[in-house]
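The chains carry the letters A, B, C and D, assigned in the order they are written, with residues numbered from 1 in each.
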Amino acid sequence: MINVAVIGAGYWGPNLIRNFTSCPKTQLVAVCDKDADRLAKVLAPYPGVDAVGDVDALLARDDIEAVAIATPVSTHAPIGKAALEAGKHLLIEKPLAASVREAEELVALADSKNRTLMVDHTFIYSPPVRKIKDIIDSGEIGELYYIDSVRINLGLFQHDINVIWDLAPHDLSILDYLVGRLPRSLAAFGTCHTNNHNEIEDVAHLNLDFGNGFMASFHVNWLSPVKVRSFIIGGSRKGIVYNDLEPAEKVKVYDRGITINDDPEHRRGVLVGYRTGDVWSPHINSGEPLQTMVRHFAECIREQKPSLTDGRAGLRVVRMLEAAQRSIKAQGGRITL
Amino acid sequence: MINVAVIGAGYWGPNLIRNFTSCPKTQLVAVCDKDADRLAKVLAPYPGVDAVGDVDALLARDDIEAVAIATPVSTHAPIGKAALEAGKHLLIEKPLAASVREAEELVALADSKNRTLMVDHTFIYSPPVRKIKDIIDSGEIGELYYIDSVRINLGLFQHDINVIWDLAPHDLSILDYLVGRLPRSLAAFGTCHTNNHNEIEDVAHLNLDFGNGFMASFHVNWLSPVKVRSFIIGGSRKGIVYNDLEPAEKVKVYDRGITINDDPEHRRGVLVGYRTGDVWSPHINSGEPLQTMVRHFAECIREQKPSLTDGRAGLRVVRMLEAAQRSIKAQGGRITL
Amino acid sequence: MINVAVIGAGYWGPNLIRNFTSCPKTQLVAVCDKDADRLAKVLAPYPGVDAVGDVDALLARDDIEAVAIATPVSTHAPIGKAALEAGKHLLIEKPLAASVREAEELVALADSKNRTLMVDHTFIYSPPVRKIKDIIDSGEIGELYYIDSVRINLGLFQHDINVIWDLAPHDLSILDYLVGRLPRSLAAFGTCHTNNHNEIEDVAHLNLDFGNGFMASFHVNWLSPVKVRSFIIGGSRKGIVYNDLEPAEKVKVYDRGITINDDPEHRRGVLVGYRTGDVWSPHINSGEPLQTMVRHFAECIREQKPSLTDGRAGLRVVRMLEAAQRSIKAQGGRITL
Amino acid sequence: MINVAVIGAGYWGPNLIRNFTSCPKTQLVAVCDKDADRLAKVLAPYPGVDAVGDVDALLARDDIEAVAIATPVSTHAPIGKAALEAGKHLLIEKPLAASVREAEELVALADSKNRTLMVDHTFIYSPPVRKIKDIIDSGEIGELYYIDSVRINLGLFQHDINVIWDLAPHDLSILDYLVGRLPRSLAAFGTCHTNNHNEIEDVAHLNLDFGNGFMASFHVNWLSPVKVRSFIIGGSRKGIVYNDLEPAEKVKVYDRGITINDDPEHRRGVLVGYRTGDVWSPHINSGEPLQTMVRHFAECIREQKPSLTDGRAGLRVVRMLEAAQRSIKAQGGRITL
């Protein structure tokens, strides 16, 4: 059992609290938030968990081995560094930090203190993403041609970070997990709308170039009339469609071939049709990603093994986010990574 | 009745032939193609229509008032100019021409010869696009925030033009019709894949900036495992989703508002939900767009009125295509229009 | 605050426990189950709630005003009667009892003891069913022509009751709520399959005749490859489709008219088409039905008002279930109600 | 080449005309209809085909080997018998005849005259139904447990036959093809609605009992707000879902097992989930069923081989229709076949 504390009882904190509580490898001992009312409300079902108002007081406690940070992004680095300095293992909500420099400092500090540093890239612990990773690694879809993701939300606007920092960490962490390397360069576009004098983008597109014809594109959007979670992976042999909102068939694998053919009748047939091969939708286990993530965090600490989503993975995602941020302010100018 | 000839009996020609034949305002008198076998096959059901092998011979005929060109894009301008010089009214398959210069020449020549020049931007004559235009013009959705289109196809590869010149004319002509003006600037990304030594892009993204926060994005793709025709229009008051593959509800109008709210419970509610207002899917007439287009062509000639998709609309689309082509070769460099 | 106890900690019990705990009008004081291990597991997150092994001991407690029964159907009546005799208000899981006779006894006893008797027909407290009720009562869809429900499940087999007693209470209670009267007669068909020597039907169809051309049909099935929750309501003016698995548009209202027309072209047009009018999908609130139900139970007790799903509603549903049971054993023979 | 004539140029006739014209094994020489205007309109694109107003005159022609009848059901038998008497091979639109007696007479007469008698059960020639037949015959889905079909249409009302005679022939012919034998007994329910003084049912349910737990159910409906074509086949090992309106995945095969398990957590898991195994959607060829049917008709005549949908198949379908008709008028009374 690892004794854990959660810092931040806002939007995401309760999810961590619930999962640390139900995980057989962790014991939640305290939760820290400046807002005492919020803290009392969130902790009501957990009478055995301490409510702590001050981060320093929390970090000073010897009975806490590990800390999970679910506060606004701008505070990840300062709180995270204090926690590492206090000798705590560390789980940080995505994205790891608000800048590459901060993320690098966290990684270096965790190394020097020999502590586990892990980012909550939740999707890496979800059964559909695991299944897709297996399929790609098996070689079944062939060479990667492109990845295209659409992650668009109903109209919920945040005022501290833009839509890229809010939503793209999901896609970039999945991409990083599936591909295992950074793109060569990146360009991003975005716009800001009504009632928004802070120049916070609410609609954005990212374009990542991995070289050799492999390109990844992401559309993130806070102002969509419909919710979409679509991830298409095109390969030289097969294609994968991952629709996270589809309850029964989240992952589909499509046989297909590319046709180069000038015959008008052939062209008409392909254009009118909807399919060129079989479709297979593998059974996906129903485990909760956050539960898997929390257990993995405990195991990484106890067994001193690297995490699937360690500080370096978090740093790679922040590197792409920061580049996107620079590109978007340069109206899509290409940034080399 | 307008006496019409079709030049080109390949992939699209038979559609024009069928529609000119069934239109009460046009009489198809001849079809021209260099491939005599193809021509014989295509004309088998139409014993009264002349098969002509030579364009010049066709254009020399006095009984032909108007000509429709459905040949490869590179030949649109030379054949089109010859037809205008011969005094014919002209319908040209999309895109109007292979370059802005060629398109400008066609527009200028049609003006000087006082002939109707029309482009077959078929979607402008489709009931769903007409309905969307009405809704936008009524002010119901408010100010335009963004347009996002995904037009991706099963693996059919062409070797003369890239995926932008093949598919984006549909989206750009719809955009031009709905918005009525050119974007300020444009950037495009694309990649080429296996078996393709001609540097013909098969996956591409376009990003158009109209200023004042209004951005349009297009994803066109020949290598998709699934066929998608999705068009999302975000407005300040409402949003529209147009799914051309949905048989029963092609156009949906979504009530929604944007929420700026820091309460974690509120945020959770919106994120977990799928809707924030009513949805309305208007009844859409079922008329065939090509039939409407062909009849409109005949009426523009007879009544000497401008076409909805005249040479200038075709030129605007070619202007965007050419800019996209330049941007894509400059790896997404922004092109001012 | 009403002090409540739950009897039965099996499949459904934990849902009641969770909702009684979070409802501001109820206080969960005890849960009773013969299986001490199961009880301990279920009550782990609720340290303040008593675990009780014996029903009689539970019912003897003066601090418990109301009891909710979530045990197998065959025990509803004996436990329920004991609870009423002990002066408790009573919530019983659907179906109310295993026979009309038992249900009538419960209703009569609750009347004579002047206690609230309510059945957990959960769907009556769900926002989509409420919205449908409002639409029907407004007259918008006109006269009711038919109701057709498909409620089919993945292969989960129970060995105590058949598929009608398991699934049809949902549909019959919705029907009863929407229509407000019993059908004139009823017929049912069903079959039993492999590994089933108890003659427990796993696939069944019900057909209810309300007279004047209004018919309701239900398909319930434990052996389906796909999960379906579809409810179609045909009216003289409009139709409603309620798909409980559709996240964004659970309820849709269709304009349509009936066409009597011999013209072949007209017939072709209607047959090929998918729509004859507008579709409207109203926004549906996202309240949890069980929470609404539990609060309603507390209000009915405190305000001594009748419940929407009182004993008489439960009795009507049992009356239809028992008739269906008799019909199914008579191979579809019609039973008059 | 077989010289063919079509009798009846109403709703379905033009489809036969088009397919006989394009089939390389048939030559359409004449079409017969009493309505000269309709006939002229339908034959406009086919200048080489004779328009004939009188059936007797048509049947007297020696140049016609085979006749296809697409007239109202009540006339199938008299015209069909006259055609067989005149020595013609015969294709009859579904259903074969308006009664078992008439259908038996047609079968007997075709036998005695040694002519091909075939019914246009079009779906038997459709690629999805063929694929399903292959899958069932391969034993992949195991023993048949149930078949459930929903075929419901937008509001188009006919005044000569009821919804069972109009729509159920499709389902009953598919059932007959897949199962290869008649049910033991059958029951049917239906209702009539507004403006319908002829007691013509517009909504109906059929229930067919094949013994040994295998049951088939059909819902046919003219008054639905939505169009549905769903066919579910439950087997002891796997299940098939056939959705004829789904463009890309018409046929899906579901792995699944039946679970008998009392553990509440297990039950919760299955109930909440949407899947218990893999899903496979085989590629389906895109051939037009009517073209395959017409070619098969020509081959049966030329090669004197039995048709897949011969008179006896047509008779079996009429036998079920007639029994359904008797049952529906007896309010669901079971009819033994």
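Keep this in mind: contacts are C-beta pairs under 8 Å (C-beta built on N, C-alpha and C of every residue); 3 or more make two chains touch, one makes a residue touch a chain.
Since we're looking at a predicted model, the values are computed, not measured.
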item	value
Between A-B and A-C, the pair joined by more C-beta contacts	A-B
Chain whose Cα centroid lies at the greatest distance from that of chain A	D
Interchain centroid distance [CA atoms averaged], chain A/chain B, Å	38
Euclidean distance of C-alpha centroids - chain B vs chain C, Å	52
Cα-centroid distance, chain A relative to chain C, in whole angstrom	40
Contacts with 2+ other chains: residues of chain A	226-227, 247-248, 273-276
Touch list for chain A against partner chain C, complex	45, 47, 226-227, 245, 247-248
Contact footprint of chain A on chain D as seen in their complex	247-249, 255, 269, 272-284, 286
Chain D - residues contacting chain C, complex	10-11, 14, 38, 143, 145-146, 148, 150, 152-159, 185, 187, 189-195, 203, 205, 207, 209, 213-215, 217, 219, 221-227, 232, 234, 236, 238-241, 252, 254, 256-262, 264, 267-268, 270-271, 273-276, 331-334
